[in-house]
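Two complexes come next, and they have one chain in common, subunit A, joined by subunit B in the first and subunit C in the second.
And now, the complex of A and B:
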């Protein structure tokens, strides 16, 4: 029993990392309509920034700054925000498909930098011995994980409440107006580009926070952590949870991560021993199936009340 | 009243006695000891991982036909890490917390193994034996005392091969060598180790050029490597990109003298490049000793799966399970700590040699029960774990003769250790 509980705590820690990342993406896609498929890139910037800032002295790569936990998190967010600013300036004037292509390219570039710039990131060997907050203050790994989970829940709550306030403010209404009809919003004197950039940068900072928290929990990161599949996972979470709804983003993260890891156990349990080796493939099929079923029966996701300024069903004149 | 009671007592006593008699045989069938396997069954290493997982399953069935572990049945809980560190960590945590495994075989990719080691197995005091992670980073982590002694691997670190290769290069009278390596932990570890060892032995690495895989052409990397007029090229990689690079090297006028690691020990690679363009070829490869265990493994694998694929690490995975089972048997228990403390007591070179297969395992258990010291000769070669959990094995030195890949001789563990000591001292 204690084992199951211990695993559940561990599972929820990772799921809450995804929840934070998913909330960041929700601001960009759900509220502003920015098609960011470079989530893994900003996650990586946050993770590596934390590893470099909070890490102990390391001979092979940069990082002996010994920045304490919370300032290191804040600075990692700033780093991810700066990366988003650099990327956003040239690309946010692009719309839809163009932005998507640009962000996917940037995520791969960031991943390649992580692979190649050994002095900065540790290269393919990865960055290890990343500092955990309050490491050694707890008597058992389970107690430590309980503390970490409590901290993660607090972070998710803070990000959630902050985002709720933001999207329900006049600022948030402008974002949604731009999402629905950029020309109309511009005609009201709103600088669409500036708003899109703000949303993109803030969303990426939140994604970066997720990356930093991930690095601080696992204590080891390598370029393998930041492959495009991560972006796909987060998108699946947001689509299933319901884009444009912060609660949906959190619940989608927990559900999809549960499906992602649970389907493997299910395959191993159900299949006879001879087929277990092939069982991994069924897992992928199952994930695809759930995505399709959700898209067919709940196209707006489980909690998808993408609050449209123009009511659903109303037609916009071309 | 009294009579009835007596009768009851007799019945109770008899049934208790019967139960006591039945208990040992019941225990032998009913109790199960779980061990975990955290392997890439899908993802980029999926094709490799499925055969490796079959290697572990074969070992488990051998252990069970050989009498099980401490009278219990050994069960393998297999999880798929999808070649992703995040998923791999979750699978490992599940194995430890829910299946209560004292030992995990895996993972394959060094990045996944490292994430599992730092966040699950080392803090959770569970033994982790990787059959395929060769990165020297694990040795460094163990040297810093961060693994708690719970880390082992049945495949040698790349550090061993780089020492052997430096020696081979010196014996071939190469003074200046250019190195080109694939950008992954394997290439990085091997090239760094070689540069250090070759320098200490009096050679000079003229260029150390990294390349990313799956490029259409490597002309600029080849040009970079040719600067400094090297005597030979040490090319680290795999046959696909390796062929492109070797051809571009030859056509650019580089010396037709090559050094190749285990990744390029493939007849197809030599054929594709053209043996006539390779005047001098020296190669190294790990653990290719023919042990009696390997013969058993090959036959059993063929019987179970139809054919025997030519691929690395299946044997290493088999050995990992055997070593865990023998350690439990030696320590008469199945906690992570017992496995950790007994692995070195059933490997190395003390006592009697025991081999793979159900018969070999049963023989080993018999000897252990008599209190004898045994050491297990693996299917991938004799196993000796050093204090960091690294395994050392002999290296095969190979060359190309009449267009065919041929094993030339063996470099023993002692010979390599001697050279390594010379490099350090």
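And now, the complex of A and C:
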């Protein structure tokens, strides 16, 4: 019983990391219509920045700065924001899909840096012994995880409330105006590029926050944690939950993470050891099917706003 | 040493050029960035692998110095056909409903999802280990002073150029080819001029799918066959299409060779670990300096 309970706590901590990432993506896609297919890259920047800043002294790689928890999180967000600025600046003036292509590029380049620069990231061996906040202050791992879960819930709430305020402010209304009709928004004197860039950078900072929190909980990260499948999971969460709705983003994160871990445990129980790799592949196909079915039959997702749906691409005759 | 790197780049460029043509065609005719295109290359390579395995029992021997004979060429033709069918099926099941429901923006996400699904279906069917069309080891021969290549590598470059010429004749001399260019230029005008748009969309997938299959087989012949090969080629393919100018078929060919050569030449200056990032850096520079590409039209 205790085993199941501690598993549930662990599950919810990871799900709330995803909820934060999904909220960041929702600002970009749901409210501004920006395709970020490099979620894993910005997540990785946040995670590695935290590992380097908050890490203890480490002979093999950079990181003996000993920055306290909250400032380290804030600086990790800044690092993810800078990465976003780097891709957003050349691409946000161009066609929508160029941003998508460029974000795939930055995600794989970040992956290359993580793999090749051992002095910075630990390379394929990964970064170990990342500092946990308040480590050692609790008598058992379960109590620590309960504390961490409470902290994660608080982080999700803060991000959620901040985003709700932002998207319901005049600033947020301009974002949605640009999403719906860029020409109309521009003719009202709104600089679409500047708003897009702001939304993209802030969204990526939130994704970076998710990465930093993930690193601080798991204490070990390696390039394998930041594969494109992570981006795919977050997108599935957002689409299923409903883009353009922050509550939908949170619920989608919990649902899809539940489906993912559930199908993973099932595959582990059912499949023999030599077919485990194929089990992971089947999981991805399964999530892909859910994503396609929702996209085609219920494009609003479970809670999405109807208004988030109007396409701004040119139409193809059918 | 530089000459050798240049030759390696041309061989990689042959794969990229064929893949980028399909990407730029679907981008132009269907108006979306198809992230599943890389997976068509993987599927082309694996289908040809399956057919080549099925024909392996035949007594045919290799052509002269090449590592393969008729079985692989037949396998390539069958694979090109089936890859085209696969592209049309994906279009029918996923992209067409989305085009209809006025959610164009979701097409990119759907194609990204389709790409991961197609890649993982390969793992389910064939497993994650690399595959090879032949277990023979080919010896590199000196073809020019300081340049060595295997007969297979030379074959790949020559056949890629032949395919480009055939495609050029198809687009300029046949009715269907002209219709394809017309839709790419101006879909509405093409439709009122009596072009059967639906038909042309099918043929766009056939051309794109067949060339992707050929590109995948070429990559499999010169490197190896892996489930993630198509996904890893996606970025160089997009870089090639954007560098050439989206919609420009000749631009895609040029872009493919430029990206291939630049990636391999980069090894002379930077760590080979960063070779895959070269395409990305070139793409960002093109987007900053000349977003319409070398041969693209300014919009």
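Convention: the second predicted complex is superposed on the first by the 277 of 318 C-alpha atoms of A that agree within 3 Å, B and C clash if a C-alpha of one lies under 4 Å from a C-alpha of the other, contacts with A are read in each partner's own complex, and residues count from 1 in each chain.
Note that in this section a residue touches a chain if its C-beta (ideal position, glycine included) is under 8 Å from a C-beta of that chain, and two chains touch if they have at least 3 such contacts.
Just so it is clear, the structure is predicted and the values come from calculations on it, not from any experiment.
Q: Is A:281 in contact with subunit B, with subunit C, with both, or with neither (first, second, both, neither)?
A: The answer is both, since A:281 touches subunit B and subunit C.
Q: Answer with first, second, both or neither: which of subunit B and subunit C does A:218 touch in the superposed model?
A: So A:218 only meets subunit B here.
Q: In the superposed arrangement, which partner chain does A:229 touch: subunit B (first), subunit C (second), both, or neither?
A: both
Q: Looking at the overlay, does A:265 come into contact with subunit B only (first), subunit C only (second), both, or neither?
A: first
Q: Pick one for A:201: touches subunit B only (first), subunit C only (second), both, or neither.
A: So A:201 meets neither subunit B nor subunit C here.
Q: Tell me the contact category for A:149 with respect to subunit B and subunit C: first, second, both or neither.
A: The answer is neither, since A:149 touches no partner chain.
Q: In the superposed arrangement, which partner chain does A:116 touch: subunit B (first), subunit C (second), both, or neither?
A: Both partners.
Q: Touching A:67, do we find subunit B (first), subunit C (second), both, or neither?
A: So A:67 meets neither subunit B nor subunit C here.
Q: Shared contact residues on subunit A for subunit B and subunit C?
A: Looking at subunit A, the two contact sets intersect at 112, 115-116, 229, 277-278, 280-281, 284.
Q: Quick one: in the complex, what on subunit B touches subunit A?
A: Per the touch definition, subunit B meets subunit A at residues 41-42, 46, 50, 53-54, 57, 77-80, 82-87, 89-91, 93-94, 96-98, 100, 109-112, 114-115, 117-119, 123-124, 135, 137, 141, 144, 146, 183-185, 188-189, 210, 212.
Q: Quick one: which bits of subunit A touch subunit C in the complex? Just the residue numbers, please.
A: Contact set of subunit A toward subunit C: 33, 35, 37, 87, 90-91, 94, 96-98, 100-102, 104-106, 108-109, 112, 115-116, 228-229, 232, 235-236, 239, 277-278, 280-282, 284-285, 288-289, 291-292, 295-296, 299, 309-318.
Q: With touch defined as at the start, can you tell me which subunit A residues reach subunit B in the complex?
A: The contact residues of subunit A facing subunit B are 3-4, 6-7, 10-11, 14, 112, 115-116, 118, 123-126, 128-129, 141, 214, 217-225, 227, 229-230, 260-261, 264-265, 267-268, 273, 276-281, 283-284.
Q: Mind pulling up the subunit C residues that touch subunit A in the complex?
A: So the residues of subunit C in touch with subunit A come to 29-33, 35, 93-94, 96-110, 112-114, 116-117, 120-121, 123-124, 127-128, 187-188, 191, 197-198, 231, 234-235, 238-239, 242, 271, 273-274, 276-277, 279-280, 283-284, 287-288, 291.
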